[in-house]
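Two complexes follow with subunit A in common, the first pairing it with subunit B and the second with subunit C.
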Partner chain A sequence: MGMTVAEKILARASGKTVVRPGDVVEPRVDLAMSHENAALVINQFQDIYKGTGLEPRVWDPDRIVIIFDHRVPAESSKTATNQKKIREFCAGQGIWHFHDIRGDEGGICHQILPEYGYVRPGQIVVGTDSHTTSHGALGALAMGIGATEMASVWTLGILLNLEVPATIQVAVTGRFQKFVGAKDLILHLIGKITAKGALFKVLEFHGPTVERMEVSGRLVLSNMSVEAGATAGIVPADDRTLDYLRKDAGVREPLKPVKPDPDADYDRLVEIHVDDLEPQIACPHTVDNVKGISQVEKTRIQQVVIGSCTNGRLDDLAVAASILKGRKVAKGTRLIVFPASSRIYRKAMERGYLRDLMESGAVIMNPGCGCCLGVHQGALGDGETALATTNRNFKGRMGNPNGDVYLCSPATAAASAVTGVITDPRQGGKS
Partner chain B sequence: MSCVVYKLGDDVSTDTLYPGRFMATVLPSETVQYAFADDGEFNARLQKKEIAPGSVITAGSNFGCGSSREQAASCLAGYGLVILAKSFARIFLQNAVNLGLKTLAVPDLEAEPGDELEIRNDRVINRRTGKEFPVLPLPPARQAVVDAGGLIPYTKKRLLEKAVSSH
Partner chain C sequence: MALIEGKAYVLGHDVDTDQIIPAHHLVYSLDDESERREYGHLALSGVPESGAGLPEGKKPFVREGYFQSDYRILVAGRNFGCGSSREHAPVALHTAGVRAVVAGSYARIFYRNTVDGAYFIPLECREDLVREIRTGENLRLDPEAGLLDNLTSGKRYRMEPLGDVAGIVEAGGIFAYARRNKLFR
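Right after this comes the complex of A and B.
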């Protein structure tokens, strides 16, 4: 019996020829990413060394990447002090893959990792952020871990006691209608298999629809795989992946895509056909509470958010700008846009997307996680409703337990910003 | 004996356990104050120490879904709470094991607030109804971390073994 992509990667990284679901392995980590919560990782890391008589040194500073994105620029003195502590730690440990609060190389961790070519097919990537699953889009095995787990990785360079997860095969066929895409597909999948449908398992995406999809769309699929409970979401690397890594991310080293064996043993198969898929909306307060847009049209919204590690990329801003150009955001509705990285911000500026968005009434924020997790830059008022291209709609997520969050694609968000109510982008934003 | 103090449903998210706006607070000694911060009544009961260590929260499936934020586990561990759920989200479960928060998967559990439970390694007994419910065992790999008292002592042990073997 053959192996899935995740099994092959885990076998290689653990020095084994074959692994099976349930086996316990200790794979070597290729890339370890943290954001502001590195402050806690540092704390735990120093605790590990306490009393050992050893000098705390990370196992390999070249394999650690630190990116500030969750609260940038700092929203409080506490955050600023944490960021200061992390800066000093990076300098002391020689961690030079460090993306500070900067307009030239800053951004959201899950955009910076692919954009700067840190992620390669076949790698084991861990991050102290649940959406680390994003990097499966480049054919890596990428998963979120907690801060203490990361402190252990910084110490030993391996993941301790990992059980090999089973893999669910997702086969996607058909062509999307205009203004329907990767976000609608992943919301539909989560609605179908539920928030626990892939718990402790890996989603592996296949089919002609995924093969035709750009890396930016694949990142959306992998990013939100965790919302179905998945450990990881993998799109096996292909020519499109290599093309992205060479041309966009500037990677020059040899790359080795990992394909599943033809006789790989999957936990189950989930098939989706997208020809007739309508725009999808995740309704409050769980990501698997997914409805076709026709069921929630005309829901009034006070805040529209376009951005985040899920949908703040250049093509997301392009589609939003194309819908909003020459039109106005509805009175009583505010549109907040967070480009996912400085590079995207600059390109969106050069191509005129930001001008079109601003002229429509949008507020353009600096790259970062912004209001997605309810820390700053766009909390909801009591009884207010947001429509967002972000990834979670849990109660309290956008800073207020008395607010509602609906999730959608950038096209749906833009069309709805024009009308002030949830609007099908296929109807051109006419109310 | 452990008393059920709160009964929750499916998909309790890390935003319920520890809202994102308090994420700049990281030290376990400080996270406790924000446990269930958006649930004013339960947060107040915890902060006023009305809930004894060893008390039980019961929940449905996928407890702790969402963020990898470790505060969601450390804030509960700080009160000595025990979580009995049908199932747990992966990162939360790992964080709980790593930090010594007691979590048991008891898929068939029937218990109401106020019930006294006897928690054994392999089963939970509801003293009010007399019914017994099997506990799903932790995978042996995770049990080793629990037995070591958490991931920090476990990694410390591995680090020292490595230091010895490389000399």
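Right after this comes the complex of A and C.
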């Protein structure tokens, strides 16, 4: 019996020829990412060395990436002090893959990692952020871990006591209608298998629809795999992946895509056909409370958010700008746009997307996560409703337990910003 | 592993990390004792009133003005701890005095955080304990034997074995596990 992508990657990284779901392995880590919660990792890391007389040194500073994105620029003196501590730690440890608060190379961690070519097919990527699953879009095994486990990784360079997860095969066929895409597909999948549907398992995406999808769309699938409970969400690397890494991310060295064996042993198969898929909306307060847009149309919204590690990429801003160009955001509704990285921000500026969005009434923010998790800008008022291209709609998520958050695609968000109510972009949008 | 006795606090399905500790509170330091105890005060403060202490609800987990909860054992439904990787979630529960959680299932990152930091014991039960146990009932958990006794109702429930992570739980966290295996000096 053959192996899935996750099994092959874990076998290689653990020095084994074969691994099976349920085996326990201790694989080498290729890349370890943290954002501001590196402050907590540093505490735990220093704890490991307490009383040993040894100077704390990370196992390999070249394999650690630190990116400030959760509260940027700092919203409080506490955050600023934490960021200062991390900056000093990076300098002291020689961690030079460090993305500070900058307009030239800053951004959201899950955009910076692919954009700067840190992630390669076949790697094991861990990050102290649940949406680290994003990087499975490049054919890596990428997963979120906590601060204590990361401190152990910083020390040893391996993951301790990792269970080999079973893999669910997701086969997607058909062609999306205009203004329907990757976000609608992943919301539909989460609604179908529920928020616990892939707990302790890997989602592996296949089928012609995924093969035709650009890396930006694949990142959406992998990013939100964690919302179905998945340990990782993998799109096996193909020519499109390699193209992206060479042309967009500037990777020069040889790349080796990992393909699943033809006789790989999957936990189960989930099939989705997208020809008739309508825009999908995740309704309050769980991500698996997913409905077709026809069931929630006309819901009044006070805030629209386009951005985040899920949908703040250039093609997301392009589709939003194409819908909003020459039109106005409805009175009583505010549109807040967070490009996912400085590079995207600049390109969106050069291509005129930001001008079109601003002329429609949108407020353009600097790249960051703050609004999505409700810690920095863009909070909701009591009784207000938001429609967002972000990834979570938990109660209180956008900074107010008395607010509601609906999740959608950038096209749906843009079309709805114009009307002030949830609107099907296939009718409300123009081409 | 010692017996754990205490009052039950019962929660529903899909209790996410924003309910366990809302993100805007994550500014408190974990290495400063006076700040760390704030997490005890705020534990489960994001749970909607209707789901706070089932079956009736509207039972605050931590009383106003206190940093510790009266409840020692959480009983929850499926997918407990879904959402963020924030380790503050198990820390908040631990700081409030939680010594064990018995749930239908867990989100992986939360589960591993709990085990790696040795904050409390996360056990799974195939029975629907959310319908069986009421907030405030007295429980006794024998983690070694995998048995939960409801001292109030007299009923007994069998827990699932810990499985792959038993070694880390027994060692007392991932650092202790690494030392035991001579990985850390």
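The rule is short, and it goes like this: the second predicted complex is superposed on the first by the 428 of 431 C-alpha atoms of A that agree within 3 Å, B and C clash if a C-alpha of one lies under 4 Å from a C-alpha of the other, contacts with A are read in each partner's own complex, and residues count from 1 in each chain.
Criterion: a residue touches a chain if its C-beta (ideal position, glycine included) is under 8 Å from a C-beta of that chain, and two chains touch if they have at least 3 such contacts.
If you're wondering where the values come from, they're calculated on a predicted model, not measured in any experiment.
Partners subunit B and subunit C, brought together by superposition on subunit A, clash. Shared-chain residue A:G136: touches no atom of subunit B or subunit C. In the superposition on chain A, A:G396 contacts both subunit B and subunit C.
In the superposed model, A:G181 lies in contact with neither subunit B nor subunit C.
Contacts of subunit A with subunit B, set against its contacts with subunit C after fitting on chain A, overlap at residues 24, 37, 40, 43, 47-48, 52, 54, 76, 78-79, 127-130, 132, 144-149, 151-152, 155-156, 160-161, 163, 195-196, 199-200, 229, 231, 286, 373-375, 392, 394-397, 399, 401. Listing the residues of subunit B that touch subunit A in their complex gives 10-11, 13-16, 19-21, 23-27, 38, 61-62, 65-70, 73, 87, 89-91, 94-95, 98-99, 139-142, 144-145, 150-152, 154-156, 158-160, 162-163. Taken together, the subunit A residues at the contact with subunit C in this complex read 24, 37, 40, 43, 47-48, 52, 54, 76, 78-79, 127-130, 132, 144-149, 151-152, 155-156, 160-161, 163, 195-196, 199-200, 229, 231, 285-286, 373-375, 392, 394-397, 399, 401. On subunit A, the positions that touch subunit B within their shared complex are 24, 36-37, 39-40, 43-44, 47-49, 51-52, 54, 70-71, 75-76, 78-79, 82, 127-130, 132, 144-149, 151-152, 155-156, 160-163, 195-196, 199-200, 229, 231, 286, 288, 373-375, 392, 394-397, 399, 401. Interface of subunit C with subunit A (complex): residues 14, 16, 18-19, 22-24, 26-27, 29-31, 46, 48, 78-79, 82-87, 105-109, 112-113, 116-117, 163-165, 167-168, 173-175, 177-178, 183-185.
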